[in-house]
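Common to both upcoming complexes is chain A, partnered first by chain B, then by chain C.
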Partner chain A sequence: MDAFEEKTMKARLPSWLVTPESLLIGLSMAFWFIMGKLDHSFLQWEVQRELSTHIWETALMALPMTLIILTGGIDLSIGSIMSLSAVTAGLLHQAGWPMPMGCLAAMVVGMACGWLNGWFITRFKVHPLMITLASMAAFRGMAEGVSQARPLSGFPESFTRMGNDAWLGLPIAGWIFAGSLAMAVWIMHAHRLGRCIHAIGYNEQAARFSGLRVDRMLLGLYTLSGLSAAMAAILFMARRNTAKADIGAGVELGVITAVVMGGVSIFGGRGTLAGVCLGLFLIHETREFVSWHWSRDELNLLALGVLLILSVVFQQLLGHKRPS
Partner chain B sequence: MKHCFSLLSPRHLLRGCLIAWILFLSACGPSTPSETTETGADNQAVVAPKETITIALIPKKKGLPYFTSCASGAEAAAQELGNVTLIYDGPTDGSPEKQASMIEQYALKGVDVIAVSPNDPDVVAPAMRKAREKGIHVIAWDADAVTDARSYFVNQSTAQAIAYGMVDTMVQDLGGPEIRAQVAIVTAYLTAANQNIWIKHMKTRMADTYPNLELVAIKPSDEDQKMAFKVTQDLMKAYPDIKGFFGISSVSFPGAAEAVKQAGQSGKVMVTGLATPNSMKAYVKDGTVKSVVLWNTAELGYLTVQVGAALAQGTLKAGETTFEAGKLGTKQIEGDHVLLGDILVFTKDNIDQYDF
Partner chain C sequence: MNPSGSNPKVQQAWFSLLKSRTAGLACFTTLILVWMSLWNPTFLAWSNLRDIAVAAAPVCIISCGLMLVLVLGEIDISVGSMMGVLAAAMGAMASASRWHLPPGVAMVGTLILGVFIGAINGWLVAYLKVPSIMVTLGMLTALRGVTEVIMGGQWITDLPPELRSLGTGTWLGIPICLWVTAAVVLISLWLIHRSTLGRRIYAIGSHPKAARLAGLPIARTQCLVFAWTGFLTAVATLVSVPQLSVVDAGIGVGMELLVVTCVVVGGTAVSGGIGNLSGVLLGALLMTMISTVLIFMKLGENATYWSRAIQGLFILGAILLEPWTRSRKKP
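Now for the complex of A and B:
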């Protein structure tokens, strides 16, 4: 497919230049250049490091989301899983449990939620969009119910330090993301699972007939997505010292935006982790810079929209269409 | 899937890194001219020792008329003081998480004063504490923060004065303390700190002074006018004898008034509460609303900037009980609350004098 497409599109350009990734690198560098010209203080390392705390949670959830979208699925419930996990840990902390146990329980809840999504999807063959849309409402409702919408705060300092300290110049959340990224890269490139994920995305039926255990893989991916949401919830709690039923509301949109921006086809089968990382970087830098330089929150959505349209249009122009 | 691996090949990575480095260097280029301008500024400072103060004023939600009117007062104070640069920005969606991010950004930028009207005191508290550790003066305005996360709170009026004011106005509008009536409260969020304190004082006032008022419901409107409208409609159906609604946020009040008006109950069911006069003018003129309770929002913004500037210049010290607030005159300080003063009641007779 690739060879054919590459022949039909701009044959003059070298093939490494016409990938979504190189386009995103180009965009990032252009943005950095503009940022440096407009407001040099923004590019200081300390500023960048502190501001990076705003993106790690989204980034962490974007990894399993990438794999899920590669299979042709989607998980809309991560924001709600985030709030349910956070509320679990918060309530257990209030009940006198030690914080590590509370976090462990939150991760178990997250994985259970993800597993439930996967079970419904594979057992009843319903499109993930519908299942996770339903569970998005259900999990949020559960979180609001058990917490009575009360804010839970007052976590021990040893825990909140995790959200605010840096280790070797990178916030702890950044290291957790780096570790997860390494694992995701290993899955995608070294493990045969990576090829299976692409195969499911290209043609699920064919993958099934080739003897791939599609259901088990999907179940695993959605569970992983739930786990990442729980970890994001723990990081959020450590950073903001609070757990509430409305945290993570709308976070799924940011995550999906970053994945799509990174050149992953929403229909599955095509996309890379490198692209998603670049997408995350570009969205984060744009958002932070707009409020840093202009101090106008209303410009933020506009900038994000323009950026997304730009990248989608460029990708389309470069001929990266959905394989038919 | 050839292209996704081709990007990772060493030669291409190297090429990409090289281009990135060149661009990064060129982005860092302007550091030399900016240094010279800095020294230029220093020279000026020697000639005219005029210190400029940057104040970041963060509302709960940007774009609400209430906060826009506060900002106009703040802008007036900044101009009057002359050496104040005012930044007014807040989350357009009212998200507390975004508010916290903004506080972190301003702290990194190195402003002198951050004044916050917190949407959710617990969520923004760590960011406010971090800003204080950096030596920035952090104050709360309009709504209080967690007490150790800010130095002063610029309080529009005591919660008691506002709550009693609303109940007293309602009783007056209904026709006096003898009238027996069911009333309901339409609030912003069930978790909103401001509103909850008012509700507490309103209950006290009703129980102690007006036992004839019966509070039948307290409903949230999620700071959404359509939802306030719907909630009020539902309440009128559930309690057909209901005589009064308190809309205790600038969004729930017009929503409640619109519901009463559309039900054809103008003048029979009283609506009162907190809102800016402009948003309620139409309802006051057609008789749905007799009185609107508020404080002078422009003066609140003005006072906030005055307090911020005084803190940055070191003229406002801990333990003082009065504060000279420019054209507003002397204001009381109770503990760490700088008080703006009494409530303001807008009626048919005076509402045209105010434009915000």
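Now for the complex of A and C:
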């Protein structure tokens, strides 16, 4: 922090008002109000339930992404890991493997990709941004090369049912997310790993000097991120009954936007899972509303990009300054 | 840090030549050339070499800008989408069925738009202190959306002949885009080696804190460099897009990655402060040549499918070779 720092907004507003969570709740309510004015049909329960099937993959990947961004890193390659895992499962299915084995292989591939990311990051001490930017290209290229960019489909019905069935009103993907969320909350609040993740984010060097096994933890987190991408890929395949090398293109943007919007500082150390859930909700509603009301997907790209930049700008104004 | 990558005394030694990224790249490029000419002598035909140079031209032009961004210690992954927007805007301004402006106005408009978008990136990074990866990641997507809004789901097929000649024409027997590239390279060389701005960029990149304590205008420099990259992207759009007969919404997809690969393969340090132009240009040449090589090896469709994987592996390789080719900067 330097002495010339301008007065931040935090100094002028009461502190309970400027937590990201309360702001997001206010924002969601305002958003719902506007949507209700513009388009009544969007807020119907059936519509919302139908549209909610689109969010679970993003949500699932947002959890490890939250932990990674909390440590001060980032993973840009999740979309590409998704495509590589999907293509793996699809090709193995074509080769006559039973579907559960194919899914297992996809998860192994996802974990291997994530582990490679983590290994490069911890072994060579290069910023995760560059490593995952490179592996983003490499994994997607491999998926394209292996599958020759052909769409793979014709999955058994028992598999596609997983993507479309619901249990107690919540789709199966939703239950998987709920389980992962519970685990993430437990890790962050009841396990020492949560403290360690925050510690790494605040000051990695200090964490190292105090004897935390930083490298091992980072390796684990990136592997987890790969696994979640593979699971998202499987859910996506089950929902759409197709696997192609171009699935998951640009998915990292939605995930990162949700996490950053949820108030997780991009410099690491600060942020809560509750905020991320609200961020996910807001991103989801915005995205679906734009498609629903104007039925133009390109506006979505625009909205998402602008939202990401705005939320980071907002974080800066709230006082999460770039450490110099 | 010296822009040439090492100090003059050591430069005389063979040892440093062996370790220098530029020399390594030059050897590698020559090796590929020799190998390809043994494989198929037509690879060295004038027309093929010209095609490679023309394909490399826009990449070289943008790399000149992006290299400075990386030297500053920032990154810009929005250049591909920026190219898409600029191409769409140029097409919309010039085509007879849209705004039907004179070609000269369309050109100047494209250049101004390029500087403007670059300046927005720079403003967000420099004055609002948003990390450049977040700004340009957001821009990468947002600008793609803008492109599609401008195109409105249609293609632009009627670029005026004056604009077309910018991409396809020749002057003194050499394609115009190569002249433009040469001019950009000369200006960049002057910028890096002779101008105050160039010294500032290297100073800020190698030690931001020291640069601030020395009173250098960091924010202004950052903003300028991003705007300059935007300008060069517009130049690259002007010389490369008119080569195609159709402007569609997919122009520039993946360009950001190609350019980052060239810059990093060319020996520019990701952590800032180090980078030389000759390495970057060789990197651009090498990366463009590889796609031609893949075609010459008669890999058929495989060439297009695997090219992205090869690109990724090249970036990874370049990053990982960094500590080997020079003493590492402290984190």
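Keep in mind that, in the parts below, the second predicted complex is superposed on the first by the 281 of 324 C-alpha atoms of A that agree within 3 Å, B and C clash if a C-alpha of one lies under 4 Å from a C-alpha of the other, contacts with A are read in each partner's own complex, and residues count from 1 in each chain.
Basically, a residue touches a chain if its C-beta (ideal position, glycine included) is under 8 Å from a C-beta of that chain, and two chains touch if they have at least 3 such contacts.
Remember, predicted model here, so these are calculated numbers, not experimental data.
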{"item": "First (chain B), second (chain C), both or neither touched by A:Glu57", "value": "neither"}
{"item": "Partner chain in contact with A:Ala149 - chain B first, chain C second, else both or neither", "value": "both"}
{"item": "Chain B versus chain C as contact partner of A:Ser135, first or second or both or neither", "value": "second"}
{"item": "First, second, both or neither for A:Val312, with chain B first and chain C second", "value": "second"}
{"item": "Touching partner for A:Glu298 - first (chain B), second (chain C), both, neither", "value": "both"}
{"item": "Which superposed partner A:His127 touches (first chain B, second chain C, both, neither)", "value": "second"}
{"item": "Touching partner for A:Asp75 - first (chain B), second (chain C), both, neither", "value": "neither"}
{"item": "Touched partner set for A:Glu285, first chain B, second chain C, both or neither", "value": "neither"}
{"item": "Shared chain A contacts, counted only where both chain B and chain C touch the same residue", "value": "149, 298, 300-301"}
{"item": "Chain A to chain C touching residues, read off their complex", "value": "74, 76, 120, 124-127, 129-131, 133-142, 144-145, 148-149, 250, 253, 256-257, 260, 266-267, 298-309, 312-313, 316, 321-322, 324"}
{"item": "Chain C to chain A touching residues, read off their complex", "value": "75, 77, 124, 128-131, 133-135, 137-149, 208-209, 212, 257, 260-261, 264, 270-271, 301-302, 305-313, 315-316, 319-320, 322-323, 331"}
{"item": "List of chain A residues in touch with chain B within their complex", "value": "2-3, 15-16, 18-19, 21-22, 25, 29, 32-33, 35-37, 40-41, 43, 46-47, 50-51, 53-54, 149-151, 153, 160, 163-164, 189, 198, 239-242, 244, 247, 270-272, 274-275, 288, 291-292, 295-298, 300-301"}
{"item": "Residues of chain B touching chain A in the complex", "value": "1-9, 12, 16, 19-20, 23-24, 26-31, 34, 56, 62-63, 87-92, 97-98, 100-102, 104-105, 108-109, 120, 122-123, 125-127, 130, 190-191"}
